[in-house]
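Both complexes shown next keep subunit A, but they swap its partner, so subunit B is in the first and subunit C is in the second.
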Partner chain A sequence: MLERLAARAPVPVFVAMGRDRAPAVERLLRNADIDVTATPRHASILLVAGRVRDSDQAYLDRLHDQLPHPRATFWWGDEQGDDVDEARRAASSDDPVVALRVLYRNLISGAHASETHRLADEPPAPWRGKGDHGQGGEGMMGGVPYGRMMPMPPTPDIRDGLTLDVYTTQIGPFMPYWPAGLVLEVTFQGDVIQSAEVVNPTYPPRDVDRVPFDHLLHETTALAQIERARAAHHLVCIARLLSLVGLPTLSRRAQILAARVRANETIAIAPLRKAAARSGLKAALAPGLGRIDDRLARELGGPVQRAAGHAIDHRSDNPTYTRLDFTPVMQTQSDCRARLAQWFDEAEQALALVSAAPDAMIDHGALIEAPWAHRAPPIDYRVTELLPGLEWSEALLVLNSFDSAALCRMAPLEAP
Partner chain B sequence: MTPIVLTMTWVAFLLGMAWYIAVLDGLWAAAREGRQPRAPLANPLYRCATILRQQSNLTEAPDLLNWRLAPALYAGLAGTGVALVPFSSASVLADLEVGIVWWGAVEALTVVVVFLHGWSANSQLGLIGAYRYVAIGLPVMLISMFVLIAAALPAESLAVPKIIESQHELWNVIRQPLGLPLFLLLGLSLSFRGPFNYADSADLADGTASEISGAARLVWEFARLAMLVATAAMAATVFLGGYLGPVLPGPLWLLLKTAVVLVLLVALSHLFARISPSRMLTLIWIVLMPLAFIDLVWAGLVAL
Partner chain C sequence: MALTGLLTIMGTIVAGALLLQWVAARTRRDRVVESQKIPFLGGSAPNTHAWQRFHVRYYSMTLLFIAFEMEMMFMYPWAVVYVAEGVKALAEMGMFLAILTVGILYGWREGIFRWQ
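For the complex of A and B:
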């Protein structure tokens, strides 16, 4: 009975995002048959989407062992070895939803055996707890995990001067709402970040919306294709922020709109924007949160630069666009709010351009502004410099107010 | 009602209303996303089965006693809250002279239990959720006590049945218009939903619930819904006259009023974005707390 009922539920899946797979995984987020969980503890299937760095294998194993039984791993991509059976893999071009559902059904009926631990079940450090409930050391301080003395911070909290216990932990590389591949060592006091160091950089961005831009290098391409890709990219970025401020249904709506734009359907973004505004989206992003200096904005380029008040856009110099009276949209504040408004404005402008000139073509080789930051060598400005002093929720908002190309440039590996 | 019938009614009310919220959540989400709902009536049952089918896991060196007890205590507190609500003039499971004080204890202990749940798992994201919940939960509790004391003033009693009886002429929602909206915010905070979800939010990978699975998770998720039911039933009782109403029997009136309040609570939890904890604290202390105090002073002056 329990099995039969469970088999009809959405498949609980935790996604470990590897290289190249972010846009494809967005399809899963929109599917009502799949429940993408926020934690591996709530999932039955670990979906490894794309190639994972060798150095991230240990993180993946730890993640795997956190899934409750019955559990299975599903590989989505073209890189898995022959040792993975057909039931647990799908090629990158395939839609894995049906395969996931079959695997899940077999898993809960017992037809597919639950996977055993990959790592030895032993603590990474000896436990020295002495309290009745294993809560650590002795006395009023009680100790912290692993029974060490409670380490008091060398300096008061950088936000309000309160002295709380500090703790350092690694975050990433497969955390939801976290740049894929990025591992930071973060020191907290309460929920405020005191410092952060890059342990592993983000995976290089590979965006499905890049296709028409690559196409343009060799062939004449429709303006509509270019601008639809821009709108879809921005909608996906908007969806992440909406989800983070506790508006998951609007986030899904943005994801659905992105999919419809890619499928050449006519959509309107204004209702989504209005609904988000009515929900208090502006209040959820404090003014000045995530503000970056002018130098960094210029170096990152793209929408980040325009959100800082620089009307620099290659489309201004293209004759097809000038015939349409194209003027770059921009903001002035260069903070999270401004970057979000920039995404909304540019997505709406892109769709207006499509409506104004549905048949316009752009000559091959033309330099057209991409929807993301410049792809260039890492710049001397660490993403970690943005985070200290922020609450955890604010830090995630700041990280997700940049596109993946910008983050990739700002989180290079620390020099040894 | 005999004690057995009353107890069965109490259980059915809790379970039925929890299921009702889960259905409302599904319908609301589908409508807002612009898609067809997926088996809206049965989906909550499917999800329960999925969770139950999963193993109850362990973290490394948790405070196991508190970790396992917290979901049960939370559900117990919700149940205790509903027990204070009279289904009719002669049907109340916990008929206490100090019912409002008892409800205050439910609120205070909820803060303790949620903190324990996040802390005892020995996990950083759960701990952050626990810290945040205490910071937000405590001042919201103060707001709630102000508005409840205000509602008790016309009845000159802290007993819930007497507060209902004092609303024969006029419901408290009319007499004290600030009370119900402020109390609804408490409902969102006690069950950490929508704009008040600081304990189990997505940015913390489900926060205090990030490490639980299996039966413990099912109890925790049920307790969150049950606590919302308790708040809605208490709101319907204290501000909307509870079982009072013409034609229909008293229990049905309570059911209808609770159902309407739950629609409001579900809508609020889907409609509003969550602001950062520090900004929420500012909003609570600078805006909501003075409003609650005005509500209390207003009720006091009217009672004089």
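For the complex of A and C:
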């Protein structure tokens, strides 16, 4: 009886995001039958979405071992090996919700055995004191931790100058609100990031909303299609930030709006914006947080550039748009708040353009501003320069105030 | 008689604890492995053991609180005996406050009065 009731609950899933699966996982987030958890400790199923690098296998194994029993791994993509049984895999074109539910029910009832641990059962950094049982040693606290000495750090804390101990650890590659594939070695003093180094690069981004923009290269495309894709892209970015600041209901609402825009439905963004403002979204984003300099804003381009006060938009030069009296919207502050306001403004403007000219067409090959940062080689201003001086929570807010293309230009990108 | 009762209670507690441990060991399906004891870092493992110092940011505020709280704690009873003891009590309290002031000066040097 209890097992049956437990199996009816939303399936707790931790998503390890591989290549090219972000849009598919985004659809999964909207499903009420799936509870995408923030950590593996709250999940029963590890969902591996898409292909992961061979070098990321050890990270994946550790995540797997961190899931409590009963647990199982589910592979969603076309690249999984033949050794994975049917119950634990789905092709990338399939919807995995039903299969996940069945797997979860079987896990709870015991019909599907819980998976054993994959990594050796030994501490990753054992304590090595001098005594027979690992006790004692040198240093203030009677021991020298393995791989790490006790003396004070070489540099004072960059916030208040207190020289206390530093903590260095690797973070990534499979974390919510984190660029998929990115592994950073971060040094903290307290909760303030002192430095960050890239260990593994990000997976290349893939936007479902780029389809009309690719289409435009070869064929005449409807303005409505282009602008709907822009609004959907921005709504997904807004949804991610809303979820991060602890507004999951509004985040889901933004996700649903994005899906409806893609399905050519008429929607209004203003109520979502009003609800977000009423829920204290601005309070979560301190003024000035994540402010970037002009050089970086110009190099990244797109909405990031316009949020920094540069009214540069290729649509201004297109006759279809000039006939509609198009002028680029922009902000002035170039911080997280400005980038969020820019997403809202541009999404609303895109929908206004659609209703003003539902039948307008754009000639193929026309240069139209994409909703994301310029896709160009990585720039020398790295994500590692953006994070020092921020607390961890602020760092995540700053990272999520950029679209994935902008992030990929700031973190070195893996070769495709 | 009282001793027998005490021993019975102690025996019951120990037996109960052992029984609970035995039941827990028998019913546990899978034991906790080392990977489950480390923090979640997106798949990464910590470089160092958990026994290490870290920056307790509230420590300076704690220092200030203790300095002033100890001061007040002793001042109330001191105020009661001050009338009877006179100058001697005043000198003693002066010494006590002087020592505490060193703590406050130390805190000042550490920047605890800089509100952030």
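Observations
Note that the second predicted complex is superposed on the first by the 383 of 416 C-alpha atoms of A that agree within 3 Å, B and C clash if a C-alpha of one lies under 4 Å from a C-alpha of the other, contacts with A are read in each partner's own complex, and residues count from 1 in each chain.
To be clear about the criterion, a contact is a pair of C-beta atoms (placed from the backbone, for glycine too) under 8 Å apart; a residue touches a chain by one contact, two chains touch by 3 or more.
Being a predicted model, the structure only gives us computed values, none of them experimental.
Looking at the shared chain after the overlay, A:32 reaches subunit B, while subunit C stays out of its contact range. In the overlay built on the shared chain, the residue A:68 is in contact with subunit B and with subunit C.
In the superposition on chain A, A:9 makes contact with subunit B only, not with subunit C. When both complexes are overlaid on chain A, the residue A:177 reaches subunit B alone and has no touch with subunit C.
Of the two partner chains, neither subunit B nor subunit C is touched by A:388. Touch criterion met: A:44 reaches subunit B, while subunit C stays clear of it. In the superposition on chain A, A:309 contacts neither subunit B nor subunit C. In the superposition on chain A, A:284 makes contact with subunit B only, not with subunit C.
When the two complexes are overlaid on their common chain A, residue A:396 makes contact with subunit B while staying clear of subunit C.
39, 41, 66, 68-70, 123-124, 127, 145-146, 167, 169, 175, 188, 190-191 are the residues of subunit A that lie in the contact sets of both subunit B and subunit C, per the superposition on chain A. Across the interface of their complex, subunit A is touched by residues 29-30, 33-38, 40-49, 51-57, 60, 110-111, 114, 116 of subunit C.
Those residues of subunit A that touch subunit B in the complex are listed here as 2-3, 5-6, 8-10, 12, 32-33, 37-39, 41-42, 44, 66, 68-70, 108, 123-124, 127, 129, 133-135, 145-146, 167, 169, 175-177, 188, 190-191, 243-250, 252-253, 256, 275-276, 278-281, 283-284, 286, 391-394, 396. Put simply, subunit B touches subunit A in their complex at residues 28-29, 32-35, 38-39, 42-43, 45-57, 60-66, 120, 122, 124, 128, 131-132, 194-195, 197, 201-206, 209-214, 217, 270-279. On the side of subunit A, the complex with subunit C involves touching residues 16, 39-41, 56, 58-60, 62-63, 65-66, 68-70, 114, 116-117, 119, 121-127, 140-141, 143, 145-148, 150, 157, 159-162, 164-165, 167-175, 178, 183, 188-191.
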